[in-house]
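In what comes next, chain A is part of two complexes: it sits with chain B in the first one and with chain C in the second one.
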Partner chain A sequence: MTISSKQKDILQQFLISFIAVLLSLIVGAVIILAMGYNPISAYGALIKGSMGSLVSLTMTLKTSVPLILAGLAVAVAFKSSAFNIGVEGQLMFGGLCAGLVGIYVPLPGPLHLAATILAGMLGGALIAFFPAILNSSCNVSVVISTIMLNYVVQFFVQYCVMGPFHGATSAPATDPLLASATLPNILPSPYQLNLGFILMILAVVLIYIYMNKTTKGYEMTAVGLNRTASEFSGINVKKNMFMALLISGAIAGLAGGIEISGSLKRMVNGFSSGYGFSGIPIALMARNNPFAIILTGFFFGMMRSGSFLMQATVGVSSDMVGIIQGLVVVFICLENLIRYYMNRRK
Partner chain B sequence: MFEFISYMIPTTLRMGTPIAFTALGGVVSERSGVNNIGLEGIMTAGAFAAVVGSYYTGSPWVGILFAILTGILISAIHCVLTITVGAKQAVSSMALVLLAEGICGVGVEAFFGQSGSSAQVNNLPTTGFLASVPLIGGFLSHLSPFVYLGFIALILVTLLFKFTRFGFHITAVGENPTMAETCGINVHRVRYISVLASGLLGGLGGAMLSIGQMNLFQEGMVSGRGYLALGAVTMGRWNPLLSYGSAMIFGFFDALQLYLQTIPSNPIPSDFIQMIPYLAILIILAVTSRKMKYFGITSGGKPYTKYATEK
Partner chain C sequence: MAEYAIELKGITKRFPGVVANNNITFSVRKGEIHALAGENGAGKSTLMNILFGLLVPDEGQIIINGKEEKFSSPRDSNRAGIGMVHQHFMLIPKLSVMENVIIGQEPGTSLKIDRKKAVEEVQAISDKYELNIDVTKKVGELSVPEQQRVEIIKVLYRQADILIFDEPTAVLPPHLIDEFCDILLSLKEKGKTIIFISHKLAEVMKVSDHVTVIRRGEVIGTRAICDTSIDEITRMMVGHSVDTGRKSRADIKPGKEVLSIKDLHYTNVEGNEKLKGLDLSVHEGEIVGIAGVDGNGQEEMEKCILGLFKPDSGQILFNGEDMIGHTVKERRDMGLGYVAEDRQKESLVLQYSVAYNLILGQHYLPAYSKHGFWLKKDAINENAEKLAKDYDIRLANIQVAAGTLSGGNQQKIVIAREANNDPKLYVAIQPTRGLDIGASDSVQDTLIRLRNENKAVLLISMELDEILAVSDKIAVIFDGKIVAVVDAATADKESLGYLMLGSKKGGNE
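== the complex of A and B ==
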């Protein structure tokens, strides 16, 4: 049986991502060694902390949900060549909107939950709307406008949570969401996995279908692949980038909504510890493929949830995960080089 | 009113100069055709290195040296990835940001044994010796030496593009690398030097934040100034003087924000006041980019290497 060129391409991409991760883990090990720790026990603790037991495995899955969605959000924008580094802000604002609806808008039964999640998505899309409109009507770079809005949102959320919506306790958080607005657990008690996990899978599948099986999604991808050619074939480039950013923002908002209504059950100031930025390496590693994002997002979730045990038992700072994250992007950038030598050898 | 002006001028210079340093670096690098949205990462690394240098030697000047070297080192990664390998420039720059933040996070714990911020170190004193200058001596004596270094950097970068052979080479490479190569210019060499120079200037910008304005390093202290610098480059149409001026406009809004916070019994919540610089740049960019006929450097963002498959 011969392998088709498309399959060969996918295999090669998988190999490149694998090599990139391997290299970053090796360089990470060298850094850990240089700081005077044992890299094997550090990585051991990382794995044990994230997958050592069924409880920690479900914890890791729960941590992965916002990461996977953040990766998906980055990927959707990437596909149409818009670099959305404002996922962090969209996610936070989505969380805020979901939280407020969950607390202050009592609706009957499952309707409340639906409204809460929907509010999160709309909130995220709203924050993505500004860079989208600035780009399509005023030519402002998406990179600059999305990142600037991150800071604006950060201060706005801080104002809301610490000011008018501050909860009864002294914690930097609002009051708890009403019970009807929280995502129920889908596993029995010691295991923590909520309905958000299912919503995440649903989002991944829907985005896959949209991007690969519909005309609109195809147009979006075409814009990312070749802007000029799409323009000449009658595709409205700006409109597609606009839509891609809105969808991206809505997914980011969904991540925030799930985190608030599923995990935290109240709106906490600064609840997103860089989920949006982790979305960039997650999407890159997965080559913007929605299903691959589940894997790479889980990988980052593993590093995050395992890093606490690593810090507690071995002493390596949990910020190490940040370095490995950066290294992954560095080595993914070597893609051209790796591919060049892979193809030359034959 | 006088009090307002006498507060705003030095504060604008103080807040604007770090952005201006980085923006000047951005101009050099982007004119050669290499975009770098990772200036934020370079500034972060520079700010941290400056504190480490000052901590171990006691001299803030050694700290500046450390910052410059670190800025060059971290932009070397960008050089290899984008110029030699031809990676997507936006992606490679994000690597710089993620790496710098990770390294500084781990570094703060490794060097200072605490998380979040470093120990206090010797910072660069203001230029008190200028107090004897007639009329404006009092004003000058309260400025950081970085402000003067910023002026010098502006003059040097302007001269570079106006009068030197290498400056012309940078412009040629940025506008048409193939043509430049045909004329015998080593495209990769010119781009390497330009990007490393932007690392140097970005490192200086970061150093001013940590040992010029304060005396320690805090995680997240750069808070978007690298991206503001990027905006200043675009707003200044890749011209050193205009970019410097744009950076100062952002410095002005930062100073305004600080001034408004000092007003007692201010009815506006401080969170909204702190948004001012970020909102200002969005509005300014929306207004200025709209009528922009000049869309930047022709080869900007495009790889020029045998490894790249896409053009």
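== the complex of A and C ==
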């Protein structure tokens, strides 16, 4: 059987992403070496810390959930050519909304949990709504407005958590969520994996179906690929970008909600630590393919959860993974160069 | 010394599902202008890309000046003295002509470019070949024909003796084509060998010494220009003779009025009034051709009809209902088929498959989706298979990206899609621009067929010959108004020409 040109394309894109990761690990190794550490033991610790045991593997999976969802949020908006750089803010606000409903809106049984998660999604969508409406009514650049809104949200969330909703302890956090609003674990202790993981898989599958099997996804993708032709054929470009941003915000909010309701069990100020921003390279590496985002998101999750062991045992600062992630972005952006050399060898 | 500058022997190049070049053999004498003619998608570009080193042939030999060569990149072909002037210019607008020309081969040391020497050298080339370019100017300030000459200088600077021109006249306005032909002749006079790719046969006849015709990837034959005629070359290109005169059509009476534009005014954002009370009427079973010089309000009228522009005042009645205020989608649902001017930019999503492109704008209809939500992949593919067959869209399969097809086949996608949704009014803007004879013919036949099926057809074209060949009625647009409507069967080119230029003379003489 011969492979079709489409499959060949996908294969090549996969290879390019793989080469980019490999190159960034190599350059990262050189930097680690220059700092006077052994890169092999550093990477070894990174892998051992993230996948060395079942406990650490489930820990890594848990860490990957918000990362994968953030990547998915970026990808959905990107598909319709809206660059949502505001996933970080949408995610934080989603977390806040989920937290508040989880604490202050007692509802019976599973309804409370559903309301909590839904509040997270609505919160994220609300924050995405402002740039979306500004874009469709006044043509304001989505990139600019989403970036700037991140700071507004960051300080607003900080005010809420430190001010009116500050908890009984001195920690920068609210009171714990009611037990009925937390996501139950799906694995027995000590393995930490909660229902959020299932929700994440569900979101990925749903988005894949939406983008590939429905007329709405068809329109959004068409708008992203060729705005003018979409307009000429009667597709409402503004409406599609608006919807894509709203969906993107809802996914970001879901990530925040899962993190608060599943992992932290209370709203903590600054809980995100850059999940939303990591979503950009995660989506980039996966070329906006929802299933590939699971892989690339997991890769970023590995770096995060393994970096602690690396710092503890080898002494390489856990910030090193930030450098490697940055290098990944650089090498992904060198896509054309990699492609050039790949095609030359043929 | 070898007699031939280029000898190609048995060149074969296969792409998945297509043989782009099949056993191509022909030779180009030193110092001649050799035309390569063929329809879009016939394999001319593939062949030239092989000669230029961008593609490697699966089989065959390339012999340059008697010596066999293997090219794996343009650098290799450069070394053998081959240069190519591409259809789409590869210039950097912000740099000067000189800087554009010397890129990659800068005189001076590796640290410092010897600008004085560079200017002198490049200017010398422009002067020697009478190209009339001030090489210190920025490329962005130059007109399109001048930019083309910069491309020629670029090739000459690299000491090419064999120059390949890929559809060079496609970008030129008609009155500058003669000038371009003179440049080709002057290059030939100075000893250069030229390969000239074109499907405009008038130019081919005018400048070439020999012409080689390619059809469906195979050489049909090579003729000396003095021994051949446009008719013969056309027959060789398309495989059958083409009627270049007025299209025959069914004898039907126009039915009721479908489109009625009344006193339409439109002012653009710059404040220029582009439509100044335009009136137009199109009936069932007739083709109305809009003749006019570019920029007299055609674009504004088209976009007012489609719904992208909102007129200041006036009416656009569609079967009696005013379309103004309706969205593009609503107008299309009312029965508007619209073939936009720029197929790549305005009509197709090049990365989408052919099947997907064939439903763009109709994807939500029950035929292709369940409840307007779930795409029916099977129905979409069936539709594509059928249209590809009916409209002779040549492709490996319907899942390939539309961008991989040749221009003619891309246009057939648009023509087919817009005709497929049972339109009441079919608007076609420059539908054959850039197409070869065979594809143009099939597009025009579709317009006639729609008319015979009692649809109303509005054709807007800058090519008067096309308007005359296809239309039933011709409306002349000038300065934002329709200034005359004449019967196409009795219209003559000359008086139309006067009307298009705003002179009243045409009617009286």
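Here, the second predicted complex is superposed on the first by the 341 of 346 C-alpha atoms of A that agree within 3 Å, B and C clash if a C-alpha of one lies under 4 Å from a C-alpha of the other, contacts with A are read in each partner's own complex, and residues count from 1 in each chain.
Going forward, contacts are C-beta pairs under 8 Å (C-beta built on N, C-alpha and C of every residue); 3 or more make two chains touch, one makes a residue touch a chain.
In this text, all values refer to a predicted model and were calculated from it rather than measured experimentally.
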Mind checking the superposed model to see whether chain B and chain C fit together on chain A or clash? clash
Which partner does A:Thr116 reach: the first (chain B), the second (chain C), both, or neither? neither
If you stack the two complexes on chain A, which partner ends up touching A:Ile280: first (chain B), second (chain C), both, or neither? first
With the two complexes superposed on chain A, say which partner A:Ser230 touches: chain B (first), chain C (second), both, or neither. second
In the overlay, work out which of chain B or chain C sits against more residues of chain A. B
Let me test your reading of the model: by the given contact rule, A:Tyr340 touches which partner, first (chain B), second (chain C), both or neither? first
Is A:Met148 touching the first partner chain B, the second partner chain C, both, or neither of them? first
Figure out whether A:Val140 sits in contact with chain B (first) or chain C (second), or with both, or with neither. first
Superposition on A: which chain C stretch among 59-67, 95-103 or 347-355 collides with chain B? 95-103
Chain A touches which residues of chain C in the complex? 16, 306, 308, 327-329, 331-332, 338, 340, 345-352, 356, 360-361, 363-364, 368-369, 372-375, 399-400
The chain B residues in contact with chain A across the complex are 37, 77, 81-82, 85-88, 90-92, 94-103, 105-106, 109-110, 115, 223-224, 227, 230-231, 234, 269, 271-272, 274-275, 278-279, 281-282, 285-287, 289-290, 292, 303, 305-309
Which residues, counting only chain A, touch chain C once they are in their complex? 2, 4-6, 213-216, 218-219, 221-222, 225-226, 228-236
Touch list for chain A against partner chain B, complex: 31, 35, 83, 85, 130, 134, 137-141, 143-145, 147-152, 155-156, 158-159, 162-163, 277, 280-281, 284, 317, 319-327, 329-330, 332-337, 339-340
